[in-house]
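For reference, the structure discussed in these notes is given below.
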Amino acid sequence: MQELNKEHKPLIVAFCCNWCSYAGADLAGSSRLSYPANVKIIRVPCSCRVNPTFILKAFQKGADGVILCGCHPGDCHYTSGNYYARRRMTLLFSMLDYLGIERERTRVEWVSAAEGAKFSKVMNEFAKTICELGENKRLEDLRCKD
Amino acid sequence: MNSKEQVKIIKERSGTDASKCMKCGKCSGRCPAYNEMDIKPHQFVSMIEKGEIEKLLNCKAIYNCLSCFACVERCPRNVAPAAIIEAVRQEVIRMQGGNYINSEEIPQIVDEQIPQQLLVSMYRKFNK
Amino acid sequence: MQRIGVFVCWCGSNISATVDVEKVSAVLALEPNVVISQNYQYMCSENGQALIRNSIKEHNLTGVVVCSCSPRMHEATFRRACESAGLNPYMLEVANIREQVSWIHKDIEEATEKAIILGRTAIAKLRLNTPLTAGESPVIKRALVIGGGIAGIQSALDIAEAGYEVDIVEKSPTIGGNMAKLDKTFPTLDCAACILTPKMVDCAQNEKIDILTFSEIESVKGFVGNFKVGIRKKARFVNEKLCTGCGVCTQKCPSKRGLNDFNMNLNTRPAIYIPFAQAIPNVAIIDPEQCLKLKNGKCGLCAMQCPTKAIDYTQQDEIVEREYGAIVVATGYKPISLENFNEYGYSTYKDVVTSLEFERIMNAAGPTSGHLERPSDHKQPKVITFIQCVGSRDTSGCGKPYCSKICCMYTAKHAMLVREKYPDTQVNIFYIDVRTPGKNYDEFYRRAVEQYGVNYIKGMVGKVYKEGDNLVVQGSDLINNEQLLIKSDMVVLAAAIEPDPSVRKIATLLTTSIDTNNFLTEAHAKLKPVESPTAGIFLSGVCQGPKDIPETVSQASACAAKVIGLLAKDKLKCNASTAGADEMLCTGCSLCENVCPYGAITYIDKEFRLGGGRTEVRRVASVNPAVCQGCGACTVTCPSGAMDLKGFSTKQIMAEVDAICKN
Amino acid sequence: MKKIAYQNIDKLYGELASNLDLYMPIKKAGALNFEKYENGKEADIETLQTVKSVKDLFFPQVEHFVDFKTDGTKIDVIDTREIRSEFAIFGVRACDLKSLEVLDKVFLQEPVDSMYKNKRDNAVIFTLACQNPHASCFCKVFDIDASSPKGDVECHLTNGVLYLNPITEKGANLVNKLTCLEDATSESVDLNKQEIKAKIDALPFSNLDLSVFKGENLMELFDRKEWEELSKACLGCGTCTFICPTCQCFDVRDFKTNNGVKRFRCWDSCMYSEFTKMAAENPRKNQMQRFRQRFMHKLVYYPSNNGGLYSCVGCGRCVKKCPQSLNIVKVIKKLGDK
Amino acid sequence: MQRLEVAFLEKAKELLSSGQVNRVLAYKKGEFCYDVSPAVFYSVEELENAVYNGFCGANLSKYLIQESKKEGKVAVFLKPCDTYSFNQLIKEHRVNRENVYVVGIECQGKFSIEKFYKTGVGFVASVQEDLDSVLVNGETKIDRNAVKLERCLVCKKQHVVYDELLVINEKKDGDLDRFEMVKKLEAMTADERFAFWKEQLSKCIRCNACRNVCPACTCTKCVFDNDDSQISSKANADSFEEKLFHIIRAFHVAGRCTDCGECSRVCPQNIPLHLLNRKYISDINEFYGEFEAGKDIAQKGPLTNYTTGDIEPNDFKGGNK
């Protein structure tokens, strides 16, 4: 019974671009807008630095959800990085969906440096979605949990 | 059917996005039937956008419009006032009910000169 | 083996109130490679920094992790602290335990646990950090300005004023651009020539400025601080150095049927001509299409008449190569072609003219010497109808989707000028909206209405047609809800403006980007409006977006300030976090080149040893660290993983993922 | 000798599986491989051959054997080798059985491979005579008798009846436990053997000439210029090595988990460009050298180390599966030409 | 059909004997009629073993990466689908076009020997080809479509790059919808899709045949062989790794894959790998406009391009729930 009561605490990896979304997360912080502690942020220079393998690796290592945040289209610090990221992630997510993996586990959100509230909202919503989905079973590597 | 649904249907049927209108009035600037129309082409666009459907359904302009498409041709924003007028007209005709054209009658009324498009639009307009 | 020091900041109570900082530093002390782990009230304070500096020396640290506020806040501070203690500043990682932990979590246990994980993650990344050095490259203290209109002229003058050499490359035979064609300028109504020509003369007389007219950019190599530009000086068949601009040749030339493009083709000019009286350089040029000598070898009158023997029928195009530290693009605009707008009858009726043509008609130096007369019969028009937004704000594909920004104002100006000089003329203006944001602009427009009695009609014209000698303008009046038929003697179209077509080739040569309307894109719409995404390339004037003269001049000066700031440096410090290709893995497939927004990637054929004395030549990518801004787009597009980004390497990010997932 | 009507074969599988773990050819998504039999799986002993050979059950593609668990600076070493009790394999063809003999020479010689030995000791092998040998088969060349494959229990499927003939004590013990079987005589089986023999004699490769691999100066083969042409189309994939019942190369690799390292052994292929890569360089630089290595090993090096036993059993899998139709038969023929 | 083979041999001989090329990349006979291998022929005599028939399925373009770098000119016989791969390799600077003389050769669809076995003909000793049928062992007539490789039922038909064409008959058939199976999968529920791929991918033995035969997989060192890539793996030690390998491989060739179908042809476990690539192709077509890799080398690849109005990653329709 104890096992059942122990709620599964999902792990969420958030890749945030340095210029917009990471700054948005900072703003969420300085505005004291909370989001679950199981969201962990990795800073990348631009959303276009995020390789699909990073996302798959996170799932392999036990993440239950992965979210990528970048500057709004048109606002990329490097002018076009998030446009490439957008295409890459669309295709990757569509492929995961095609393989029958829950599409809600992956997400892309554009969060500007001014959108601290949005950052917090997005993370809360995403964490809720992942909680509802439960443990990632379809992209897990059992060895990692051993 | 309430008027909201009617607006939606007319918008859909017209295939044009009235919200793109920038109210320049070029449609009315070119309309050859302008003086005969109680509601002007540019008003059709703004009224459908605002949902003022009653006036449109009861206006005479839908019968005065020549469907010359000059307004469509001139519009700088790809809005098609004539298509909206046509859609309103269709709506009025359909509200009146009844089939005005019978497929069996077609062979008698068709001659080789009739454009095929006319037949299709005839069906659209005069059949439920 | 790395020797890592961990420094946990309390940030007063900002962090320590919700994070057990003692525990964080104690737990992180047990991590492999960590040799010292401490905590302190304010790490960013002088004492805190001294703690870091001393620990680096005392413990021979090879890397530092600071668990504190966001790296966006104090990363630079801690980097400097590391550097001053002799450690490479990039051997630092910051774990953000304030904005991402203490400020958003309330539960101490939860917050402490997360802080530890973030600390571990930073340590995991730091283990793989390598010392980075931002490269340096020298700056050539000379600027190139492409385009000699008011934008280019202003930028060049400002740069020269700061003491740097500038070349203006202008594709037409004279500088001055579109502004030189204008009659008066809004909102002050002073004459364009009066304010422009002194600046043109300044350019010509400034020792630091070299003007290359009738020249075009042929090739661009290099990068910020070090551009090599090939410039084609087209043959003008007149020796610029010898010609004094006396104009004798132009009077004697027997071929006088060439259209005068300076006057918008409203009249003709000789085959040898000086574009206009105040042209800079004031030098003649031969139009080879019209010149009898060049066409069939018979004539040579001008050469005979020239007092300085400046005519040279054998002149050839010449390519000069010059080096620059910065490039300003000021290629300007042209009115769009109106061939898609049959309804206005521009190509059919002579008396339907564009606004720029109207400028020439009104200009004292123009084809009619400033007398208002219509082109068809040279009669003075009694009714003139202006139509605004011709081809602007048009999403149907015939015109341009944007607002050309200047038309409302110049149309008001035209109306006023007409009413001022010929008070008995009726002036009508069809408008969709009248847009007058700008100092004294709305007042100017209101003067046209209130003082000059210009008839503004809210509505648009559907057709212009001819009835007898006159034109009839059929349009709507949306205020009175009627359709108007206005008999007019003349119709003036405020045609949309578009970037000069030469910009496409120039953008390609400069590897900078243009938007769907062919305007050059700025590096940031709000914060970097005069810089292009490509370092060292700056944007001045309408090539970046529609502007009027005051705005153009402001932007040109802003542009010059940016150029001066760049040229003032002896060396450029490059971004340290740059991409680089592992040549052993690179296949030279060009995918990375396609996504690089900066054109930082080129390919070289390189010889590799295969062993046994054999070699092979392979095409491999080469990143110019002076140009690379470190976005990482290339790293993901590279299927072989040859391309990696220093400071954010694949291994580092994967290590962070591992560390986060480990719990 | 025992028998069971083929239509009741599921009873046999069921009874076997209730006694011990049963592995046999199972069809999954159109491909036939040895897998653990469970109710509902599609068993198929009529198809001649599995994609992967029976090797996979003794020397699996991936085999974890040790974990290193870390906690701070402490490391725990945990033996994770699987210890098997008796299990049965059904439907092993003569060539695959023979391949175990080849593998034994590698894994059971000192130092003995404990993981392999554990499985070898505990397997009860039900062989199956090849009712319909394929044109790509050439087991006869290596003196393998597909009509009488032996093993612990030799089976024949003929005229809708499966005959089971226990050969070893281990086999007999297990067969005797099975209640679904009836007693049988050997006439049908004897007849079947003759039929199969006749079919095998008529196969196109049954008389391949191996004499060129039996001479004195075998190393001359190494320098034969034909290798270049033979290997030209080789893609360097590992298909041949992974489906081959006798290829035994492996790699030992570590996998980083969240709490340490899991060490496992997995198949490797000498056809891979990384296979012999060392710190300084790769002694086999091109695909020709790698290709030559594989066949020299099968036909020259291995036999010379193992009393003339070839490291090929003529199963014909490579003949069927090589993406570009390169195979050992073409090598034997080409080199035998001179 | 035999006429084509004669013409092929004549052309190959002519190219070699005229000195126009110094070698020919084509196909050579095997032990049976169906085990044809790619081969390089250096002389007219060697061409005795050359063959061109319905079993010449291998895509020769990948061999040109190496062959085109060698001394002298090589002639190659490319089928329509092969020319797409070759063109893509030109685009990616992987082949030296000047060193290759491309003869675009007619193809009426290539065979799968396993499909012959499925018809129950048993041993295939000889195959006489006709445009719409084949005669096996001189006695059994089979519809050609019944024994074609899947990819040949959805043929590209046109050669996109060649120096010369060798086409006697127009290509027949091959007009099925290549996305039919992709659509079927999308129509399944997520659970069904997961089950489908789990069953298929769990067969994978990581022999790398799909990768090594793929003309888009031309890395000098694959990330899966490179321990520095952090995703290297030699075997599917866990069910995750099967997916990782195939997802990443498909992603790496997305927008570059010409759908030549070699991956599925060579898979020893018959995994329909082309369905992964076709999913990307169908997505790219749907999201970013029709794109055919290898067709036009001037066109930007979909993953190295963008428009400001591209679909958002959270907004694609996707398969059923």
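A few points about this structure:
Lettered A, B, C, D and E in written order, each chain numbered from 1.
Operating definition for what follows: a residue touches a chain if its C-beta (ideal position, glycine included) is under 8 Å from a C-beta of that chain, and two chains touch if they have at least 3 such contacts.
No experiment lies behind these values; they were computed from the predicted model shown.
Leaving out chain C, the touch network of the other chains consists of the groups A, D, E | B. Common neighbours of chain B and chain E (chains touching each): C.
The most distant chain from chain C, with centres taken as the mean of CA atoms, is D.
When chain centres are defined as mean Cα coordinates, B lies farthest from chain A. The greater number of contacting C-beta pairs, out of the two interfaces B-C and C-E, is seen for B-C. Put simply, the C-alpha centre of chain C and that of chain D have 69 angstrom between them.
Chain A and chain D have Cα centroids lying 46 Å from one another. Between chain A and chain E the centroid-to-centroid distance comes to 37 Å (mean Cα coordinates, whole Å).
Chain A and chain B have Cα centroids lying 49 Å from one another. Annotation for chain E: residues touching 2 or more other chains are 223, 229-230, 237, 303-305. Counting partner chains per residue, chain B has no residue touching two or more of them. For chain D, the set of residues that touch two or more other chains comprises 255, 258-259.
Contact annotation for chain pairs lists A-C, A-D, A-E, B-C, C-D, C-E, D-E, with touch applied as defined.
Interface residues of chain E, counted against chain D in their complex, comprise 30-32, 35-40, 58, 62-63, 123, 199-200, 202-203, 205-209, 211-213, 225, 233-237, 262, 265-266, 268-271. Residues 52-53, 56-57, 59-60, 68, 73-74, 80, 83-84, 86-103, 106-109, 138-143 of chain A are the ones touching chain E in the complex. Within the complex formed with chain E, the residues of chain D that make contact are 28-31, 33, 51-52, 61-62, 64, 134-135, 204-205, 229, 232-233, 235-239, 241-243, 251, 253, 255, 264, 266-269, 272-274, 319, 321, 323-327, 329-330, 333. Remark: chain C residues 30-32, 610-612, 658, 661-663 touch chain D in the complex.
Within the complex formed with chain C, the residues of chain B that make contact are 20, 22-31, 34-35, 40, 42, 70, 74-78.
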